[in-house]
Structures are given as C-alpha cells and as structure tokens.
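Each chain carries a letter (A, B, C and D) given by its place in the written order, and its residues are counted from 1.
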Amino acid sequence: MSAAGLEVGTQTVLDRPRRRRFGPREYAVVAVGALLVISVLRLVTGADDIASSGALAAAIGLAVPIGLAGLGGLWSERAGVVNIGLEGMMILGTWGAGFFGYHMGPWAGVLGAILMGMLGGLIHATATVTFGVDHIVSGVAINIIGLGVAKYLAARFFNGLPGGGPTQSPQIRSLPNFTLPGVSSGLGTVERKNWFFVSDLAAVLRALCTNMSILTIIALLLFVGTWWVLWRSSFGLRLRSVGESPVAAESLGVNVLRYKFLAVIISGGLAGLGGGFLALVAANIYRDGQTGGRGYIGLAAMIFGNWRPGGLLTGAALFGYTDAVQLRGGATVHAFLLLFAVLLVAVGVWQIVRNQRIVQGALAIAVGVLVGWWYFASDAVPAELTGTTPYVTTLLVLAFASQRLRMPAADGQIYRKGEGH
Amino acid sequence: MKPLNVRRILMSMAAPVLALVVAFVVTSLVLAAVGDPVWDVWKTILAVPKPRQMVNVVNAASVFYLSAIAVAVGFRMNLFNIGVDGQYRVAVFAAAVFAGQAWLPGWLNILASIAIAMVAGGLWASIAAYLKVKRGVSEVISTIMLNAIATGVVSWLLVTVSDRHAGSNSIETKTIPDSSQLQGFTLIPGATNRVYTLIVLSLLVGFLYWFVLGKTRFGFDLRATGRSESAAVASGVKVPRMVTTAMIASGALAGLVGMPLLFGQDHNYGTTFQAGLGFAGIAIALLGRNNAVGIAFASILWAFLDVQSNALQIQANVAQELVNIIQGVILFAVVIAYELIRRADKRLEQARVARELAAQRQAASVTEGAPA
Amino acid sequence: MTQTTTDAGAPAVELEGITKRFPGVVANKDIAFSVRRGTVHAIVGENGAGKSTLMKILYGVQRPDEGTIKIDGRLVNLHSPADAIAAGIGMVFQHFMLADNLTVLENVVLGAEKLHGIGDSARREIMRISDAYKLDVDPDALVADLGVGARQRIEILKVLFRGAKTLILDEPTAVLVPQEVDELFDQLAELKDEGLTVLFISHKLDEVLRVADSITVIRRGTTIDTVDPKSVNARQLAELMVGSELPSPTTEESTVTDRVLLRVDDLALGGGTGRPILDGISLTIHAGEVLGIAGVEGNGQAELVEVIMGMREPTSGQVFLGDVDISDWHTREIREAGVGYIPEDRHRHGLLLEAPLWENRILGHQTEAPNVKGQLIDAAAAKADTERIVKTYDVRTPSIFVTAGSLSGGNQQKLIIGREMSHQPKVLIAAHPTRGVDVGAQSSIWDLIRDARREGLAVLLISADLEELIGLSDTIRVILRGKLSGDFDPDHVTAEDLGAAMTGAGEKEESR
Amino acid sequence: ACGGSGSGSGSSGSSSSSSSSTKAALKVGMAYDVGGRGDQSFNDAAAAGLDKAKTDLGVTTKEAAAVANENEAAREERLQQLVDAGYTHVVAVGFAYAKSVGKAAKDNPNVHFAIVDDASPDSAGPNVDQITFAENEGSFLVGAAAALKSKTGHIGFVGGVNVPLIKKFEAGYIAGAKAVNPAIKIDSQYLTQPPDFTGFGDPAKGKTAAEGMYQKGADVVYHAAGGSGGGVFTAAKAAGKLAIGVDSDQALTAPADVRSVILTSMIKKVDVAVYDFIKSASDGKDLTGNHVYDLKAGGVDFATTGGMIDDIKSKLDDFKAKIIAGTIKVPVTP
C-alpha cells in the first residue's frame, strides 16, 4: 500500500494534449463567467440571496478555514508528503487558539493555533519523513490523536474557567475587523438596485471590503505568499523539486529530508491557523467538534485545485459559497437545482455530440431532466438535503472537471536518503 | 526459508509489544505532564475486565472487525475507501426499514435484510467506483463527500419513514419483529449480557477475506494491483473492473458493519445508532496491517481500550478521550516499529541473496577452473 | 573547498584504496587510479562491477568505507553532492535525474540558485552555455515534453552550469542513437579543449576506444588495469573486463516459414489533437521469424507493444494472431492465446518487486496451468514450476521465496523470460530483453531467443542495442515518429545506416 | 420563574441537615450526554441540579459523560459502572440513554433511575423517573415575545441538529409567533442532520445561518443549537438585532459582550427536575413514572433578565395562563 493511490481513471488525462498554463487571466475569465451564470440564475429564479454581499461575506468566512487547511495540504503535498492528518492538526489549532487566546489575548491565540498545528506537523513529519511510515497511516493516527489531545486538554484546562468547560473554552477577545467606510455603503446602494451583473459585481466587491477580519486578510496574503514562495523563490523550487523528483533533487545537493520536514511542519502550522480562524474569528471560542471535517474538505479543495493555490482558492470558495447559501436558507438551494439541471443536460449533449459517449451522455441528460423536473415540481429542497449542497456540488464539479488533475510526481512516495541511486 | 520465518514471526510479535510499551510510556508522560493520576488511569484501563465487559469487548471487536475488513479490501489494492462510514449507515438504514416490515419470518427476514444491506452498501460505494473509473475522481475525495451526502439522504429518508412513538425524542425505523431479534450466545460465564449472534458473520467474513485474497485468482489479481498497478495491467488484470469490483465488495462488506448491532442490540435504526465505525475501521485495518488475523487482534485491542476507558471518568476522574491518545500513539508506534523491522529484514534478505550468490559463483569458478 | 591553491601538475582526480561494502557485497575493493586534467578517461567493466558505485562515491552520494580521494592534488572529504559540486565535480547519472514536471530552467538551476538566481539572469546563463557547447536547449520547455537526447544535454548543461571542472558521465550513450552519440562526442571534445576533465562509463567498447584518452578496467570491484586506447583493441579490452571471451549475437541460417503468426494492419493511435503516436503501422511476422524494430526511444515503439498486448486501444487498424482478429481482445485473452511478453521496464511491467519469486511466476499467467486449478491458485504447483524455471534458466537465487526485488537485474530478466517461455508462446513480444543485463546473462538470453525461433516462435524484438538487433533479427524495420520504414536486411545493414534511418537523416536521402 | 426552585431550596435546607445527620448520604450518579458538565447547555443545567443537591442535601455524587459515536452498549456500561460503584440513584441526561436506562433499570431493580428528555416505553420501568419538558410551551412564549418585539414582521429560528426534540422547540416558537401575528414570516434553519451532531458545537455555522436571517430582514432569532448558539448571538450583535437564548437564562451565562442582544431565553429547568428527583429520593419517596415539566409545573419558562421584555410581560403572562388553562394547545411538530 502506498499513499500515492491508483492511477486508474487518470490515464485519460495524460493522453490529452497538455493544457496551457492557467494564469491570472484565465482565473479572471472563470470568475466573471461564474458571476454571469449566477446573475442569470438570480434573475431567472428570483433567489436574491444567491449573490448578496451577505452570502458572499459568509462564503468568505466559511472558505477561509477550508482554504487554510488546503494550503497546509498544498505545502505538504508539493513536497511529496500526503497529509490526510489536516483535520487533526486543525483540531489542535482550535485548542491552541482557545487556550492561548484566552490567557494571552487573540494574537497569542493566533500563534498558539499555529504552534499546536505545527506540533501535529512535527509528528507527521517525524513519522513519514524520518521513519518512512506510510503517509495515510500517519495521517489517520494524527487525526485520532489530535481529537483526543484537544478533548483531553480542554477537559483538563478549560473546566472551571468562566464560561469554560470540557467542550468549550471561555470567550476569547476578538481580532480587529476592517471596513472601507465610504466604499462599502456606496457599493451597498448599487447592490440593492438589483441590476443584472452590475449589482452582483457590487455585492462581490462589497463583501470584500466590509467587515473583513484581519485574519481573513492574512489568509489571503498567505495564499499570495505561498504562490510566491513556491513558484518564485529558490526555496520553493527546492521544495517542489523534492515532491517531483527527490532523487534528482538529492543528486543536486538538495537536502531532501530537511525540505520535506520543513514543508510538513509549515503544513501543520497552516492547518492549525485554519483551526485558529474557526476559534478566533468564526466563533470567539474553542468548541469541541468545531472543525466538523473541514480538514478533509480542505484536502479535497486542494486536489480539486490541482495542487495549486489559485485552484485551491477556487475550490475553497466554491465550497464556502455553497455552504453559506445553504446555511442561510431560503430559495437558493432550490435555485441551484435549475442550474444543475441545465449543466447536466449541457454536459450530456456535449458528451454525445463531441465525444460520442452515448451512454454517459444519455445518463447525464436523464439525470438533468430529473433534477429539472424536481425544480419545477417543488418549492423547496427538504431541509435534510440542503446540507449536502456543498458536497454534491463539489462531486459534480469534480466529475466534470477532474480529468485534468495532476499531482506532484513523487507525492505519497516514501523517500529514503541515498536509496534512489 | 524456515529459520527466516521463525525470525519474522518473532519480529512481528516484537513490534506490537514494543508499540504497546511505547504507548504506555508516552501516555504516562502526557498524564504526568498534565498532572493527572498516572497510576489510577492504568489501574482502570488495565484492570481485568468483568465478564460483562469482556462480552462488550468481544461485541465491539466483532463490529470493528467487519468495518476494518471492508476498509482493508480496498487498501490491499491501494484503493482508499474512506467511505465505509457512509456506506454502512446507508446499508443499515435500508436493512432496518426492510426488516421492520416483517414481510418474511424470523431467520429469513434476517438473511434477506443482510442481503439488502450488502446491496445498499455496494450500490452506495459504486458511485465512488464509477467516478473513479470513468471520471478520474480520486476515491479519497469522493468517498469523503459521499459520507456527508449519506448523512443528508439517510436523515431525509428516516424522517419520511420514521416510526415515532409518544414520549420519545429519537426517531427511528420500525422495530424489527421479535422473531428476527437475535438473542446472542452465552460465551463468557458470569456475564449478564450476551455475545452477538452475528459474530459468526465476522468470523465468516474474516475467513472469506483470507481465503479469497490469498487463495483465489481474483485475490491474486487484487493484490497484484495493489503491489504494482502497472505490472498488474501488463499481466492482464482489468484494473478498472478490479477497482469497481473491489470498491463494491468493500461497500458490500461495509453494509455488514451495522448488522450485529441492528439484530443483536438496537433492533432499529435511529438517531442514536452508532456512527463513526467506518473511521475506526480505517485505523484498525492499518493497525492490523490489512491482514485477517492482524485485524482481529487490532479489533480486540481497540475494543478493549474503548470499553476499559468507559470507567476512566468514574474511577480516575480523567476525560475518557484520553483513550484516543493511547490508540493514536499505539497506531504510530506499531507502524514505526514494523517499518524499522521491515527495513532491517529487507537489508538482511538482500545481504543473504548476495552472499549466497557469491558463494555459488565461487563454487562455479572453482569447478570450471576459469581464472578469477 | 575551492581555494586556488591547486597544483597545476596534479591529476584532476586521484583515487587511492577505495573500498565500499554493502551488506553482503563488496562493491569496490581497493580501487586506485588517477585521471589527468583535460582528458577523457573511460571506465569499463561488467554489470555490477562497481562502476556506478565508484562514481557515486566520487560525487559524494555514497561514502567509501576506506580510501582517499584527491581532487587537483588536494585531499577532500565528500559528505554530499553539495561537497562534490563545490569541489568542481559534476555527475550525469546512469538514470536521468530530472523532474519531469519542472521546466528545463528549473531543473538546471535547482540546487545552484545562488549562482544566477532562478530568473532571467539564470536563463541568460543557460542560453550562453547552450550556445557555447551547441547543446540547443530551450530553458522554458517542460522536461516531460522532451526526448532522451535533449534530456541528456540538459544533464550535461546542469553540470556545466555549476562550473564543474570534472564531469562524470555514467553510461551516457546507452539510450542515444549513433548520430546523437557523435554529437555528444563532439561536445566532449570541446569540453576537453576548454581544459575540463571527463570520466566516462560505457559498455560499448568501440565508443570507448574512439573517445577516451585512457581507460581503466574494473572487474568485481577492483581496478584491473589502466590502458592506453591506442594499444588495445575491443576484444582485448573485453577480455580484461570479463576475464574470458566476449560473446556476441550471431545470426544462424534462416528458420523463417511462410506461416503468418502475427499481423498488424494499418494501426493508428491518436495523440489527442497533436501528432499521432502511431500512424499506419503494418507488419507481418512468420513462424520462426524475428522481426527487429529499431528506433530512438519515444517514437512509438512502447505504444506499439502496448497496443499489440491489448493494454491500449488503437484508434484504428487491426491486429491478427494467426488469422484471428485480436484487436479488441483484452491483455489477458491475448496472453492466454499464446503471446509472451518481455516488457521494456521489468520493474514497472514485469514483476511484483515485493512479492516472492513464485508469485512472480504466476504473474501474467494467472489463469493458466500450472498456476491455477479452476478459480483457485495452485501454490504448490506454481512453486514447483518456479523451482524448475530457476534451474532451467539459471536464475541465480538462494530460493524461490526471496522477493523479486532482491535479485539483480539480469536474474530478474531471466526469471521473466523463463516464465514467458514456460507457456509455449506462439508469439513473443520482447522489448529490450537484455537491457542492463551483463554479458554472461546477455548471451544466454540470446540463446534462448534463438532456440525458440528455431522451434517456430515468431518474435517481435524491440531493442536499442543495434548490435543485438542486427545479430538476432531476420528482418529489421525502423520506427520514426510513429511510422515504420521499409525492411532492412540484417546481413547487409550497418549500425550507422540504422542510426540514420532512426533519426530521420535517412529519410531525406531516400526522398532525394 | 424562580418560585419552584426557591421553594425547593427552602424546604431542602432542613431535610438535608436532618438526612445527613440521620442516615448515610444518598449516592447519586449522573451520566451526561456528549459534552458533559460545562457544556453551557442542558448538561450544565443537570449539573446545577446535582450541585444544588450536593450542597443542600449532602449527597455523594459521581459523574461521567458520554463520548461521540458511542455504542448502545457503552451507554449501558456507563450506567452499570455507576451502579457497580454503589450509586443507588442514577440520572441519565439525554434521550440517547432511553434504551440503556430501560435495560439497566431492569437489571438493577434496586437502583432508581431518572432519564431526562425521554418518556418512551424503552426507558419505562417501576424504578425509572422519566423527566420530560414541554419545550414547545416555553418556546411558544418566546415566539410570542419575538413577534411582539419584531418591527419587520420577520423572525428566525436556528436549530442545532434536525432531531424531533429540536423540532419541538421550533413548533412552539412558530405557534407562539403566529398567535401574535398570523402574517409573520419565520425562517427556520437546521445546522446539521443526525448522526452528524456537530450542529450543536459549531458556532461558525450558527453565525452564518443567523446572519443570513438578519440580512434578509429578520430582527429576532431564537436558537436551539447548544454551543452553536454563541454564533447566533455574535451575529445578532454585529447586525444590531436581537436573539433569544435557550435552556438556561443566557443573558446571565453568555459572554458579557453579547448579553445585551439577548431579548429573553426559553428556560428548561433540568436543574429543578434533577433536584426534585434527588430530593424526593432523600425524603424516601422515589419518583417513578413520567414527570412532565411543562408551564403549569414551572418546568419551562421565559427569562426576564435585562428587562427587555418588561413591556410585554403581561401579554406573555396572558398566553402562559391560557396554555396552563388548556385554552391554547401548543403543537409539538412544526
């Protein structure tokens, strides 16, 4: 068994011609396209919350912890270490934020979250890099230990504090928030006009300049910083080379193990910070079970994003957005049914016309028609099912777009010094 | 080969023992650092279980075992079915609904329900298989997503079919008829409770797992795929079909996970039905090294720790979650110990091959009289 | 480390008493020789003689157990490649050390970012070196998109970029066609003129004699002698290497019959929107015939094999076994129908490295006797048959229970051949059957193929070793960019002719 | 609101001193639901009842909490452990214990059990006190308060996990609001579905859901979401709107900076019920059967801390009287 997994199903990817680099321009096109689709959907269905600045701001809030966890995954997997232990590291981060945040203030909470996450990273690094343990095994063990440690320590250290208990920390003071005063309200006016596209764009911009937590801004900077460090600095080049071809890197004098070790520790720090965000910004409190599987979702977002920060950000945003609109309730999820229906039919037609995949195409069309029927025959999606929106969306998008993913060549492989030659 | 095997057996015994010792030391250090009563904790966890608790250990282990085997089927071919959790919940729901209808008498009802559970689990897993084979979606992601989707779908269906009775705050499917409720075996003298009848299912599954993987063509193909996908392809294994089969088999086995609980204890599926067994299965499969016997030991150890930790708060005033730390550390320690031993073993084997070959060459050159 | 206090007269490299032991093996034993500055110094020896190990020691990848290394007359202690690089040593490994998904520039600057950064100034430096030594590399190309020749040049560029004064080339010509070899040798000459020192390893003795200024022979880990190329011929050199006479493949009288066993008809394999990978491939192999296919790696030979073996779906065209159309058969059915397969990459396609030999004997024949009884694996029979293969095919192993990964390459290959031959194939697809196998094993593999041919086997032989192709084949075809050329008669063709056809140089001549 | 417990404590003062001096102290074990003591929710309420019994009646206590994803057998085992340790009275907090209490009670006929939030046949027995609450009735009153205080005619409800118990809160709330303003708009949202119980512990989700409601025009949001409720208060504070607490008087227990947004709380007096069980036992009258803590019994109520509903208190008391009198029947499902 190896953490790299099976290749089956990905061969189709390799047979296709290499795609052009996906740069900032392409991301902009995709973003505008998505916004256009959303605008049309809002007009057609009348589900206004679909592009409200409130929904988008909530989406950002929900996307940040996922994005940070994913960023942790990115650092580790770019160096060739699969990190399924992100969830455990996040949990450690929430506890760290709660403990240090309560005793020494919110900034110490940020540090505490990072440090606790790094501790998880250190364990993972020691197991996988030093001892060559299978990455999946180590990750699973970290998730178990992370959960246990946080609960155990919470029971030990939060019990008896004012408002604290075995399942939660006392209140932590808030980190500062930012709003661009004039701009925000001006955009609000435009947003309320309900103009096609223009209002939606205003909503996006407004969400970005209203009540942004400092930690959100830091998270965004970390994305840019990660991109710069990994793709523009020699440190990053070495780190990536270690995930692509450790043997080659070692033959050029790169200390492979050191880079892997560092990457995994940074990975833990980022995941811990993601947990810290949950405790410090999303809740002002450590709460047992607060991460709710976001570490796994972060991992998924990273794979979704093709092991690149831009793609990961897109994945996290997609998940955060769909989660936000479903949590905010209302007609949005129902409106999505129409979108799914149209997309499925379109994909089905494409499969039949372009790829001659009659069965797959017909299946997609049939499901699409069924979903469309559901949309028109109902007023709302049952409450029990709305919660699955982000997961269904992610699966659907992956089903149609995951063919082009490529992980770092040596990801998941166990590397031992000098053995590759 | 015999002496080597003896050494190997000794070494594979040494690893878990070493790991337990390490886990003991690490946990004690954590306890001492935090200021908890080290002695009381171990006294509680290592106390000789009462007959009742022994039954609980056996029962919990039999359920863990099914889950771990379901996971291991995938692991053996490098397929990461993280979705056993969702699969068994979908399956036990389907089986509980069916069994609750009491369309069939007694044992027939049970057997049919088990079959339905396997079908339901397999079907749910087949979504991931399809996405993997046809759409290239990593099964790690798809099964994680499907777990969450299973939660939504099952609670929606549960609300639709639920059988509420007055005064109860839990919702559950219709209780299965008395004739289909299994009373269990009295295996351990002095216990007031009984061992699940369906422990036989675990034993059967364990045997089948060992037999199919180790002794059949199918098993050979599956293991070959896990060891080297490219070599398996070249040898004529249809890997996409293997993935589909293994994933569905894993899902079908996952479907069995809830059966001992359903027929031997809960008698319906509701909001208080045990969740999270799929994740425990992953850890246990890894601890048992995907081996039928290894997993059995791992299940018992895991169940033992779970059951013994129940008294931690009562006896030692320490949070029960401490057991998660112990379990995690054991998992780490075992795999690290095995890894170190594996490496030593490999080195020894290569050295031996080289040495014996050198000896052969020596002999050959002597007999041929060729100049060295 | 790079102080300028070097003695101008001192040898570039001086090795003294180098000994390196691996568990159970002494890879190097008391090695001693020295290399003059500004020369090409060749090292020759059988597979496993210890050449690569020695070079890795010199490059700091491995530490010697005993002995001293002097560079430019100064004693050095090499702990890691970084130390060796600092001492002015660069190495091109036997297996390329490139990260496919990084660009050429990234591969080159990796580990040497301090010299010129990782941006434009590095790009300029790469272009400068590329122009100076006519290496013709594009710094922004993705390595995955490049062929072997280009990769080889990147490897050399990597070394030059670091300002190495001593270059180690471990079997650089193994994957090159003659024209590329010539280019490489021109480049080596240029390097030599600049005062650089080259350590050069090759199994191809004529090349060695052509390019080297002196030659060191290693046998079983020890230096046998250092000789002047002008004073020896290839045969003498070979005898020094193996301590006995060098075998070579020779054609016997033709055994070709008129019974067609394998026919490929107008086969094509699309390459997405790009150039097709295979284009109009047609070929026929008769019972008792060996059809050799020559070609530079990456021209479609690997894909051709995969299509015939049913591991890939062709875009169009048919494959016939006898007169049965097997185009849409699956690999297993094809193998059951009597097609044996010796894969190009035995580690990836031929073996389960972590499984014992007897399980590897089952691999590829999971449905055939003696391996199975119905749906069950017949372990006892498989083990017994593995014992037989080990004996018959001279697989050197202490037992059939050791893992395949612990055997040496040649013995792994013999196991594979034994396994495939044990099922009385009608057709054998053999890709590079002797790659990386030492001379002794090589000749026994050739004998096996010749014996099978005599008994009416049809063989599709793909090889990069032109000597082997010419020696074994009844007909030779050349594959270039997915297309097959016309026939070459092995009795009359020379390696140079084939090389010309393989690189497309011959194409122009034909069209003229 | 405090009458019941006040009188309880008054009468207990004498009985505790007498009982502790005359006979061996009563041994009370308590098995919490997941979260345990300190969850700032109904486990804590149960703990408060126990603490009060400890000080007032001098009982000896032992506590243990459930862990996530545990087996039915683990719950049984926990109860049995308490019994084995000599605790003659065992309180199980939460409906998850229904079957285990039934079983343990049968196995230990001499031990007295109480179960909070269940009155099903599963847990019934001659030695079992089934404690349930009319959450719908209490929720009716805070629903009425929300409707009375809403300026926009739009209010919201956030449920932690979509289980029948929480639906009972929602049903009462809706009925109460509609009783005041039949045209009122009510948004309802659940955070997770069982068996995913993280909805009771994910403030981020609570905040997102409440934010959505406030932004769409709601100006009062009631939460029955345990630990996620903190997020609801944060959202209310940020939006400058109001929220309603649950289980305990959250204007007293919530973090200080959000107390100002808590209009009222629906109080569910688990502490009183637990205390009653222990008190009766120490008086030698073990309770058995189903005890419904409804409005009439003072088992549920609304809080007045902060004085924000002083102006409408009389209207609410009217409703209360009608419910107690049975003229208003509050539904249990939405």
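Convention: a residue touches a chain if its C-beta (ideal position, glycine included) is under 8 Å from a C-beta of that chain, and two chains touch if they have at least 3 such contacts.
A quick map from chain label to UniProt name: A, B = Simple sugar transport system permease protein; C = Simple sugar transport system ATP-binding protein.
Since this is a predicted model, take the numbers as computed values, not measurements.
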Neighbouring chains shared between subunit A and subunit B, ordered by label: C, D
Taking each chain's C-alpha mean as its centre, the one farthest from subunit C: D
Separation of subunit A from subunit C, taking each centre as the mean of its C-alpha atoms, in whole Å: 44
Centre-to-centre distance between subunit D and subunit B (centres being mean Cα positions), rounded to whole Å: 38
Whole-Å gap separating subunit C and subunit D, where each centre is the average of the chain's CA atoms: 76
Subunit A and subunit D: spacing of chain centres that average the CA atoms, whole Å: 36
Subunit D residues counted as touching two or more neighbouring chains: 65, 68, 162, 192-193, 196
Multi-partner residues of subunit B (at least 2 other chains): 148, 151-152, 155-156, 159, 321
Touching two or more other chains - residue numbers and ranges from subunit C: none
Pairs of chains found to touch, sorted by chain label: A-B, A-C, A-D, B-C, B-D
Subunit D residues touching subunit B - in the complex, by the definition given at the top: 29, 62-65, 67-74, 76-78, 80-82, 85, 95-96, 98-99, 107, 117-122, 130, 132, 162-165, 168, 192-196, 290
Subunit A partner contacts - residues on subunit C that touch it in the complex: 52, 56, 59, 61-62, 80-82, 85, 91, 93, 97-102, 106-107, 109-114, 117-118, 142, 145, 158, 271-274
Complex contact set, residues of subunit B against subunit D: 52-53, 56, 59-60, 63, 89, 148, 151-152, 155-156, 159, 164-171, 192-193, 261, 265-266, 271-277, 306-307, 310-311, 313-314, 320-321
Of subunit A, residues touching subunit D in the complex: 49, 52, 54-55, 58, 61-62, 65, 158-160, 163-168, 170-171, 211, 278, 282-285, 287-290, 292-293, 323-324, 327-330, 383-384, 387
Footprint of subunit B on subunit A - complex, ascending: 1-2, 4-10, 12-13, 84, 123, 127, 131-134, 136-138, 140-145, 147-149, 151-153, 155-156, 166, 293, 296-297, 299-300, 303-304, 360, 382, 384-388, 391-392, 394-395, 398-400, 402-403, 405
